[in-house]
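Note that subunit A is present in both complexes that follow, paired respectively with subunit B and with subunit C.
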Partner chain A sequence: MSTWAARLDNPLSARLRDPAATGALGIFLGAFAAFLAIPPIEARTVTWPIVVGIVAVALGIWTVSRGRRRLGWGAVAAGVLGIALGMLATRSSTENLGSAFDATLVAQTFSFATPLVFGSIAGMFSERSGVVNIGLEGMMLMGAFWGVYGADKGGSWVVGLLVAAGVGGLVALVYAFFAIHLRSDQIVGGTGVNFLAVGITGYFFVELYHNNPVPNGVSLLPNVRIPGLSGTGFFAQAIGDLNILTWASFALVILAYVVLFKTPIGLRIRACGEHPRAADTVGINVYAIRYGCVVLSGILVALGGIYLSEGPQGNGSFIFNMTNGRGFIALAAMIFGNWRPAGAFGAALLFGFSSALALKLQVYSSSAATLFQILPYVLTLIAVAGVIGRTVAPAADGKPYVRQ
Partner chain B sequence: MTDPGPSASPEQAAAAGTLAARIALKQRAGGILVPVVTVVFALVMSGIVLAATQHSVHTALVAFQEIFDGAGLNWIFHPTTNLIDISAYNLSQTLLQTTTLILTGLSVAFAFRCGMFNIGGQGQYFVGLVVANWLGVDFAGMNPFAHILLCIVAGTLAAAAWAGIAGVLKATVGAHEVISTIMLNWIAFWVASWLFGAGGPLQNSTQPTVPVSNQVSSSARLPDFWGAQGFQGVHVGLFIALAAVVVFWVLLNRTTLGYEVRAVGFNPDAAAYGGINVKKNLVRAMAISGAFAGLAGALDMLGGTTNYQFGQLDIPFSQVGFIGIAVALLGRNTALGTLFGALLFGSLLYGSFHGLGSSAVIQPELAGNLTYIIQGLIVLFIGADVLILYVWNSRKKLRRPPANPAQPAKATAA
Partner chain C sequence: MGLGSLAIGFTTKQGGHVRVRRWMLAAGVAAIAAAIAVGTALGSGKSPTAQKAGYRAALVSDVAGFNDNGFNKNQLKGLQKAAKAISGTAFPIVSHSSSDYQPNYNQAVHDNAQLIIAAGFLLGDTMKQYATQYPNIKFAITDDPVSAVGGLKNEEGITYATQEGGCLVGVLAAKMAQKMGKKIIGVAGGLKIPPVDSYIAGYKYCAAKAVKGTKVKIQYSGDFNDQTKCATIAQNEINQGAQVIFQVAGLCGDGALKEASKLHKWGIGVDADEFKVANRILTSALKKTDVGVYDTVLGASKGKFKGGKDLLFNLKNNGVGVGKISKQVPKSWITLMNSFKSKIIHGKLKPPAVLK
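And then the complex of A and B:
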């Protein structure tokens, strides 16, 4: 509180000259330089991106000279990147730009982000309680297959959801037994779960469906149409017709924040992840909390998985190994978001945006769109390298606890 | 086992709680028994799955026999060098698979011995493969020996540098190698997809619409030592892989570098106290680890199973880097153990995909997935040292020192 008070007391001009503020402004202007050339602003000359980009670079250099090197170089890089992207955008045709940057891009960002949000919040519960869950990928795959199986046999997407959640929780329970009671190495155990999930889903996909797509007419996860938001308006296209699980993922972020940071149970979970011995001393059952969190994580990530097969993109069909690394991206989003719900949500949206944009970039060049897929991974690598602020894992994350 | 493995006292090291130390303890406690029990257990479990879904124990037993025959292991009953004999041909293909898995297994094992989990073998394999393809296509007509050497060395070094990124990140800013190698995997995955994809720089120059690379020129192809006209033979890369096993053992057990790497793996703090530069060794171990995986990729491109070219669509189906994890864990990160682990998984892979693939016992696609299940079970159970030690304890009173939670396993925090 005192720092806030001190900041308020400072004259406005002093706060503006603060290197942290100039660096942040530089990064913002660098990003803005690129956006000047694309809809809805659509500057058609290259001048404005260059001017704004140069201002960003100048602010960056000023920030570096004031000692905030990391932030400053970030602003310089953002400025240069902004100029380059801005020049690229002004060279391409307006129709192409219009088809790439429109309201459906927003809708698709949310759609691509949904499984990542579920996965990253799932991983967060597990890791906040002190268990690394690298098996997210496998649990997501299990959710994708058994969810579609449940919807097919049960005749309703609700059954599919329940089956996916149940199977995800069950796999997580097995993993939790290995990680908590058997004190197996958690990375090795999680890797085992991933292999096992590929094998089990692949095996039963052949056994039950003979490698063919699930029969037509499977009950799908419905979209939620917002009354009064229809037609071709920006908001109608962006959020008027999102899937029910996409809305649920938004709610989940808020719920996860409240549970983890505003309730006694959240405090207990975090205590188990930071210092299980201390938690044990004050009477918290560390094993019970960790089991609960890992199982919850399996349930949540399986819901992300069913979105892949039963959501608008999967259309009710399962494909061998269809998660294709999304569980790992969810893990990356959690780390990128520094083990916090809002941060993970932001990272998931960023990664979803890059996937959606890669899809749209097909109009320019499919080979460039392929290359664009590396963006989330490069960003995460940069994040763990500590360029954009250091990410800090829970202190006891991944460390087996032995009761005494 | 001729490989003596870690020489420091495993019990003391286990108290420090690093991953390598726990594995060393298991090695002392379980000997060769632990991996054998794990494999038998995994086979039995997958057999139960088979028997339950096919409603017949007999079918399951026949399926396993078909895997055995499909891998060409029945060759030992009537050995012949003639590839027209089906068991000899199957065995030759199993050896090809094994060649790759030996190297990806050694890759994972080397990093483990330094206390790191290199999950990025797949990406490093792609880097070696891409570089070998690029040089193998571009320098057509060179002296074959020089050309092959150039491709192998460049592919290996490129993969070493690629893995070195993760080592440098760990040494300088403490970024966890599991996360960084997973990210490097996917970057290599998509970059390779771009390079080999339609319009990509390494894509086939004669068929612009087919997302496949050019074939490596004949001057860069590895000669076969066991082959016949019209058959895919076994190339000399097998001997390179076997040499790599020896190099791994000598490097780790008979050199200063290996001593330092193992010391850091047991206990980085003690190693630092003893005057060992921990950061240097982390980078070095990661780079050497990547070199093994890159060598695997280069050999696969210049000979091996890819038919001298690689396509965008082959990339998602390549799993050898990940299987290397199971190979190394099963071989308990020793040179000789990795060799046997690679032979087992090579047999399982080829035997189930191709042996059962042509049989009428069960659906061919089931068999391939069965291999994933077996692999998953092996990895899952090999990591559960407490369970295995518990089983072992009931035989022989060996007390595991209580793990100290204040100094937990280094390689597990993500």
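And then the complex of A and C:
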């Protein structure tokens, strides 16, 4: 008897009885139901998606009965959607399924996500220290242009990377002066940065390249080929040939987590974002921390920008306003991820996955292309409204600090 | 230390704070006054010469601006050449987003333009609105028949039979794919709109005529600027077996051409001669938008404006065509392509303009 009681007190089983965990498990199973019907598992009968989907729905209903209504209904919806998608997938031809859900979908997801990961982590550093950085879009654009310019004139992608980081940091420094010292409205200042970047890059692109595109043969950011992973295997195609900055973005997520949550400097940054006066009274230089974080944010987001122009799909080209709102999407990913590195990474991957999938789905119908292109936004709405719910910003985010 | 002292300077010396502001206000007022003075001086100097200049023609670009890979850029060339030929004045007005269209048309009306040319299909709605509102100004639109913009008496459509150019590059694409071992060719389209689809329709039609059994993969990026999307589409189509990628997506499509070259396949450019965009360009399907705009401005300035009708530019009058062809294309293919060309010119072959 005593062992039975001890097992009930076990933190693991207690966790399993927590409605939040069952709800999350239900959502996961719902997604898994749809996943069962596509490669590489590719069950050709509808039985498995339906069974798994029903389990997800049941878990959802149980969660609702325990009071976690939002999570519970999310699991129910995920289960129903999973069954529907699974049934659709089993009805489609294997050839179409194979070309829509192949290993390159994974590689393309990472590729679309890379600039967003850099952008969202950049925004996180700035906002965790208490400065809203809506100028991410502009700083990203500056990184994209000056990065390709540096690589072109300097003859190496390394030069491009350094130039992009330098310019990004510089623009961020100017913005920091306005936001921190002059205490101007941060939304207005950031919007100013965005317009400034469009003008500066547009002007210098015409001025430096005389109305021509960037010439061919610019040194590009290299891809990392993993030894032993080559050919046409699933993992070889999925992660065997990712760009160096994509790998760097993975490292950045881990690094950002360690720095922000496991080191004294991270604690200071968060203190400045939550209660700058308290941080000041214990001797933390709020201004220095905020300046440092905003400049770091500019450097990081500019690296996301150079991926657009110098990455495997940019191929060394610059186009007027080429960021096309990615800075704002990165900002959304950060909020969506609740100002946490892992959350922001997940949100960026969701955006990346749905952008890649929207293009892939055209094997079914190219005339529905426009319809598929709303996919990233629909998925975001579902995720934000159904699952994530309220997010909490750092308490002093966007409020200039005045030392007494 | 430096940061702290500066911050104190801003917060404690309240008097100084205000004085700085007043001083800045004064400087600002002075600067604005100077700017207005200079502006009026320049303006008064400009207006007499502007009135002297003959015919006034404006051109409003679409979202890609005048610095694109050719579609808008060539229209600007045509406009400037025409203005020179008739010693008139050209008013090129650049748009960067669809929200620029209306202010730009206002600008053109304000400049007293006698002819306002819309640089593409995307400006159709705005043009229709202004053509209704200003019956005394003449309007023309590249790439759209006049019936699609209301068919008013002060409107003219500048249309191109791009399916004919698409047909010719389709012949070369099909031959190249056959030679490379898989009879599959691809298209990276921008938006699914008639001027894009007419290229694709001709390409598909003649590819199947040139090499029986050629399959065409058609996908749209939904974008004319974002190269990453078109590069991804090219990658997807090549994974599905495509050997040649025809881009019909403006700047976005250049990403598809570069991706095709990188994966050792072939690309085909669009609108302008894109031979230099990447290493492996088979050829380009040309739409000579400069010729169209030039002829339209010249015609209108001489009072030969065909209100409510369309001007048609095709292979016959050299309004569409083929760009530079890669040296790896054998002569026999070019002969085959030319036989298609003469059939089209003589009306024996009619590539469809609508994609089925």
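Everything below uses one rule, namely that the second predicted complex is superposed on the first by the 360 of 404 C-alpha atoms of A that agree within 3 Å, B and C clash if a C-alpha of one lies under 4 Å from a C-alpha of the other, contacts with A are read in each partner's own complex, and residues count from 1 in each chain.
The working rule: contacts are C-beta pairs under 8 Å (C-beta built on N, C-alpha and C of every residue); 3 or more make two chains touch, one makes a residue touch a chain.
Please read these numbers as outputs of a predicted model, since none were measured by experiment.
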Subunit A: partner with more touched residues, subunit B or subunit C: B
Which superposed partner A:Q362 touches (first subunit B, second subunit C, both, neither): second
Subunit B versus subunit C as contact partner of A:M322, first or second or both or neither: second
Subunit B versus subunit C as contact partner of A:L25, first or second or both or neither: neither
First (subunit B), second (subunit C), both or neither touched by A:Y291: second
Touched partner set for A:L308, first subunit B, second subunit C, both or neither: second
Contacts of A:D185 with subunit B and subunit C, given as first, second, both or neither: first
First, second, both or neither for A:F195, with subunit B first and subunit C second: first
Partner chain(s) touched by A:L245 [first = subunit B, second = subunit C, both, neither]: neither
Which of subunit B and subunit C A:T104 touches, first, second, both or neither: second
On subunit A, positions contacted by subunit B and by subunit C: 181-183, 205-206, 211, 321, 324, 366-367, 370, 373, 402
Complex interface listing, subunit A residues touching subunit B: 127, 132, 134, 178, 181-189, 191-200, 202-207, 210-211, 276-277, 321, 324-325, 328, 331-332, 335, 365-367, 370-371, 373-374, 377-378, 380-381, 384-386, 390, 393, 396-402, 404
Footprint of subunit A on subunit B - complex, ascending: 19, 22, 49, 53, 117, 119, 169, 173, 175-176, 178-180, 182-184, 186-187, 189-191, 193-194, 197-200, 316, 322, 325-326, 329, 363, 365-366, 368-387, 402-403, 405-406, 408-409, 411-414
In the complex, subunit A residues that touch subunit C: 99, 102, 104, 108, 111-112, 181-183, 205-206, 211, 213, 216, 285, 287-288, 291, 308, 311-315, 317, 319-322, 324, 355-356, 359-360, 362-363, 366-367, 369-370, 373, 402-403
Residues of subunit C defined as touching subunit A within the complex: 3-4, 6-8, 10-11, 65, 67, 69, 73, 96, 189, 191-192, 218-223, 225-229, 231-233, 235-236, 239-240, 251, 254-255, 258-259, 262, 276-279
